[in-house]
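These notes are about the structure you will find just below.
By written order: A, B, C and D. Residues from 1 in each chain.
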Amino acid sequence: MKPDIIRIAQAIFTVQDLSASKEFYVDLLGMNVLHEERGALYLRGVEDREWTLKLEPCREGEAPRVRQLGYRVRDEATLDALIALADRQKLPHRWEEELDRPRMLRMQDPFGIPLSFYHEVKTYPWLLQEYHQHRGPGLQRVDHCNVRVPDVKATMDWYVNELGFRLSEYTVDEQEQYWAAWIQRRGGVHDFALTNGAGPCLHHWAYWMPDPMSIIKTCDILAGARQPERIERGPGRHGVSNAFFLYIRDPDGHRIELYTSDYITVDPDFVPIRWLRDDPRRQTLWGAKTPRSWFEEASAMEAFGGGVQEAREGALTGIPVHVI
Amino acid sequence: MKPDIIRIAQAIFTVQDLSASKEFYVDLLGMNVLHEERGALYLRGVEDREWTLKLEPCREGEAPRVRQLGYRVRDEATLDALIALADRQKLPHRWEEELDRPRMLRMQDPFGIPLSFYHEVKTYPWLLQEYHQHRGPGLQRVDHCNVRVPDVKATMDWYVNELGFRLSEYTVDEQEQYWAAWIQRRGGVHDFALTNGAGPCLHHWAYWMPDPMSIIKTCDILAGARQPERIERGPGRHGVSNAFFLYIRDPDGHRIELYTSDYITVDPDFVPIRWLRDDPRRQTLWGAKTPRSWFEEASAMEAFGGGVQEAREGALTGIPVHVI
Amino acid sequence: MKPDIIRIAQAIFTVQDLSASKEFYVDLLGMNVLHEERGALYLRGVEDREWTLKLEPCREGEAPRVRQLGYRVRDEATLDALIALADRQKLPHRWEEELDRPRMLRMQDPFGIPLSFYHEVKTYPWLLQEYHQHRGPGLQRVDHCNVRVPDVKATMDWYVNELGFRLSEYTVDEQEQYWAAWIQRRGGVHDFALTNGAGPCLHHWAYWMPDPMSIIKTCDILAGARQPERIERGPGRHGVSNAFFLYIRDPDGHRIELYTSDYITVDPDFVPIRWLRDDPRRQTLWGAKTPRSWFEEASAMEAFGGGVQEAREGALTGIPVHVI
Amino acid sequence: MKPDIIRIAQAIFTVQDLSASKEFYVDLLGMNVLHEERGALYLRGVEDREWTLKLEPCREGEAPRVRQLGYRVRDEATLDALIALADRQKLPHRWEEELDRPRMLRMQDPFGIPLSFYHEVKTYPWLLQEYHQHRGPGLQRVDHCNVRVPDVKATMDWYVNELGFRLSEYTVDEQEQYWAAWIQRRGGVHDFALTNGAGPCLHHWAYWMPDPMSIIKTCDILAGARQPERIERGPGRHGVSNAFFLYIRDPDGHRIELYTSDYITVDPDFVPIRWLRDDPRRQTLWGAKTPRSWFEEASAMEAFGGGVQEAREGALTGIPVHVI
């Protein structure tokens, strides 16, 4: 039986100063604090019925990192199938317990990405229609994650073949080698994106926004707070995905994308969209160049058993030419 | 094997004056004419890769009606399963050929609703990123249909049990009887909605819009063209679905909804949302009352073999109190 | 010398429960509290450099009312000219002191409207670019006031002839009698609007909004707070002024308009725009009908020396036909 | 008597290929063609009641340039006062006739900027509420012009002292020397802006947009047409003016700004806002850097009597540090 993954659902970041993170995520971005306990902050968007981003302090002497990226799965049978897969492929795994997730399967994929999977979860009433309680720009729900990996093709193939992901868009270089891929389970453009580069590292974690104006409002809020340097790229319209987007950096450098207005991919004959790496309309449909930091910086990931996952260089060299 | 329905995908309307319809759908709403042949107009939104609304002239002496509502299905096996279902339940059905759909299964559900199902379809490059070719407010893609039926509960049960739809929201009267239901296959709020009343009649056919401002622009365009009477209800925010919406009427009275910004329903433990029929926030979260015509008028549907499906009265009497 | 009026600038309302008003104006509408002292609340929008709405408790046994509508004037010479006008026309007047306005001329116009005029004012840094401090929908600045008066033409003539207002739009009935008029000093569509009806009563007090989406957000916030009944009319696009608008009612029934996106009227050959009272596009370009309360309810005004200004019936009878 | 200038009102550009310009301004930007005659194109926005941008072919052997920037004035007496000023200061001037402007005073200011002034003008019904005729993003009305000049302070002083402009914002370098100034007649942020640099050259010509989403739509349209290179800077929020903006370049390199949502400056005690040249929030509140071309490229201006006005170097050297 194949695992039935529903969607990308949660991330856990470590941060150096939880109060600085709280100012960023809660006071400025307006995320809702679902729990503040055990020394950690559990956040969500207004449509989320569960926490979707956990922030916890770095342990003594450790730098900020991503502890895991988590997927919601359809049933307990999927968890069994994942364990069977892990056993078969000798992937490190164990059961963990997290707040509101009594049975969470922590696993490391063959490329060193720290995953978790869970079916059972305690949910809470959402805030979607509690508009009087929305704060800041109103982040709505988890949309996707993007991981920088040394071998996009191999990584993509594993997720497609073993976990049933489907390809929606991809980027190739002049030799038709995969430079990036967008893959999905949920029927949207992506739950998971892969970009060529040193890794595995988290490139960004993304929330869906209700409309483009809420993304513009985010820029205004960060500027008002005299933190324009938190705005790294955008706002703009992606060529890939057609989404209206903004990339911002949290106080530890973790990159958050605010994202809205892509398209659906449910049709069985959907043909993945191919882009050339150096097409000026690929990154931003409007032709805007991308800051070099966007290609060069990403969050370290935790290895199974602790420590940081060592990053290997990307298989393909160079970055797109439309860079500043 | 259960049929695997992907999504609501097409409608066919008959109209009294194709040139008047063209002015409405093409000149004002800006829909794209994919084909204009065989005396009919085949329209689509900018994300649609196939025609999604066909308009054809009424036959001599006939009034405007809905000839069919069509679903895209996953595979040919689903079509086989649908034929088996039709045979088992003695539902009228036959193969038909439509432009770009060589094998379309025309079927009538047990409640008299004219359905079609197809897997194979000829697709065309979309216009999503051809923004310079967008016209008017920019209708994006088919979102859902809404049918007025005499027995909401029975109809809903059949779609859930036989076709695998899932319930996302529902409305009950004071006796906890189902007054309306929103059911889905695609992971959004609905592909298909059912409302109590004389039927089966098409209540409305809906397109997804890129953002709320494009809906406001639709109102401005209709007003500019001195056709404010085409605006029947809204714009507003629905309580049910949380979508930003507008209802307009075409020259034959067929009702079109423009709709955006609802939420996702993919989680396995999603709990359908229950509304009381007379909750003032149900129809429009902002409390706006609904014009009586919205409850009283709907499009007739074609019976299998021709002629109009006779409408039976709704099982529940009365309409919501928030009406003008 | 003619008085040189700059713009409409402030209003003072009395309210029955200051804490309920604070919840509405501050917690929900997000207005900024510039001062909270002397038992009153002094509010402003994010562009305002001074308080623009003062709320004070009703005195014992008194119902809520409007104590004054205030204009900013160019210089002290204008105040002298206004006193000369008042003396000449025997209009009641006196000097008053208000918070931040050391020399405020309180005057009653010939129609019983309680006016104030001031030149000197203490200003404060605005919040326009302090986006991180904006709350709720972000009311921006005072835009205009609208007063219901028994004789629109006579009232308009006095403001045009004595105070130098200019006419931008007007409405006539079938006998070409003035039913409403929009007059301005500031180069926009209006500082002051007059509508036929029992009066003088304040019909509404209006704030400029940054864009239409902030008006839609206001509806969502009021709905979220389970106060949809505070939304009286709209959102919509006015025929008159072309503005995107919303009318809401505060806990005492005072009507606030949120308004954006009209046009400029600075050209010397600007020709006032004429509307017929029963043109369906006049009130709302989209043809939406207006609730009867919008025509029938308005805030009482304070007479000079205390007490409520007695309302005389409107010279023209009837209300527009596009009413619900 | 002082001249009474109403507002900036028109520009005349020469272009190398009128059909390419028409594609840009009409097919993509959706400007309305008020006249197409005498070998020239007369364009306007939807609120404009007269043409506001004239495009005419370059004469044989000439490069594209700006032939004049025109102001609407209050009355014929203002034209007399301007002639008296020109005589007094020995400024070249003459009467010219233009389409719809029978008496246009062509004049050159002391800094070589080609000006025109007119009072009488033939107006046409606007298109503001003819929304069904709007095309593209819907440019609304002339907002301002920006000229690069060698001596900002001297130029500003002349416009303030001789033509009655008022200062709304200004930028100084570390020595408190004026690097840029925004001056106005109309009660908005500016009719005319001055930036230090080689000149006189037109930096940009600006139209007011109805809302930020229409500016975003402009980017999408240019990208859809495979002309992303026409987008030079933005979209973003200016620090100066607080406006939401976009800069685009026409086929001859003339720079157009689309601009919306600034503030009003009518108060007599309005205090001009001071910015430091290297404040990262000055150019774009969000901190975005400005492309070098934005500082280095501008349109040549026609000298009185023909030929190109020779550009002198800017008095202040260097450009802001926030450049890419």
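Rule of thumb we're sticking to: a contact is a pair of C-beta atoms (placed from the backbone, for glycine too) under 8 Å apart; a residue touches a chain by one contact, two chains touch by 3 or more.
Chain by chain, the UniProt names read as follows: A, B, C, D = Catechol 2,3-dioxygenase.
It should be emphasised that the depicted structure is a prediction, and the values quoted were computed from it without experimental measurement.
Undergrad: Farthest chain from chain D (Catechol 2,3-dioxygenase), going by the mean of C-alpha atoms per chain?
TA: B
Undergrad: Shared interface numbers for chain A (Catechol 2,3-dioxygenase) and chain B (Catechol 2,3-dioxygenase) above half of all numbers used, same, or below, different?
TA: Same; most numbers are used by both chain A (Catechol 2,3-dioxygenase) and chain B (Catechol 2,3-dioxygenase).
Undergrad: State, to the nearest whole Å, the distance from the C-alpha centre of chain B (Catechol 2,3-dioxygenase) to the C-alpha centre of chain D (Catechol 2,3-dioxygenase).
TA: The mean C-alpha positions of chain B (Catechol 2,3-dioxygenase) and chain D (Catechol 2,3-dioxygenase) differ by 49 Å.
Undergrad: Just how far, in Å, is the C-alpha centre of chain D (Catechol 2,3-dioxygenase) from the one of chain C (Catechol 2,3-dioxygenase)?
TA: 34
Undergrad: In chain A (Catechol 2,3-dioxygenase), what residues contact two or more other chains?
TA: 129, 211-213, 220, 222-223, 285
Undergrad: Using the touch definition up top, name the residues of chain A (Catechol 2,3-dioxygenase) that touch chain B (Catechol 2,3-dioxygenase) in the complex.
TA: Residues 6-7, 47, 49, 72, 74-75, 119, 121, 123, 128-129, 140-141, 186-187, 210-213, 239, 242, 261, 263-264, 266-269, 285 of chain A (Catechol 2,3-dioxygenase) touch chain B (Catechol 2,3-dioxygenase) in their complex.
Undergrad: In their shared complex, at which residues does chain D (Catechol 2,3-dioxygenase) touch chain A (Catechol 2,3-dioxygenase)?
TA: Chain D (Catechol 2,3-dioxygenase) residues touching chain A (Catechol 2,3-dioxygenase): 212-213, 216, 219-220, 222-223, 226, 228-229, 231, 235-237, 244, 280-281, 285-288, 324.
Undergrad: What part of chain C (Catechol 2,3-dioxygenase) is in contact with chain A (Catechol 2,3-dioxygenase) in the complex they form?
TA: 27-28, 129-134, 211, 213, 217, 220-225
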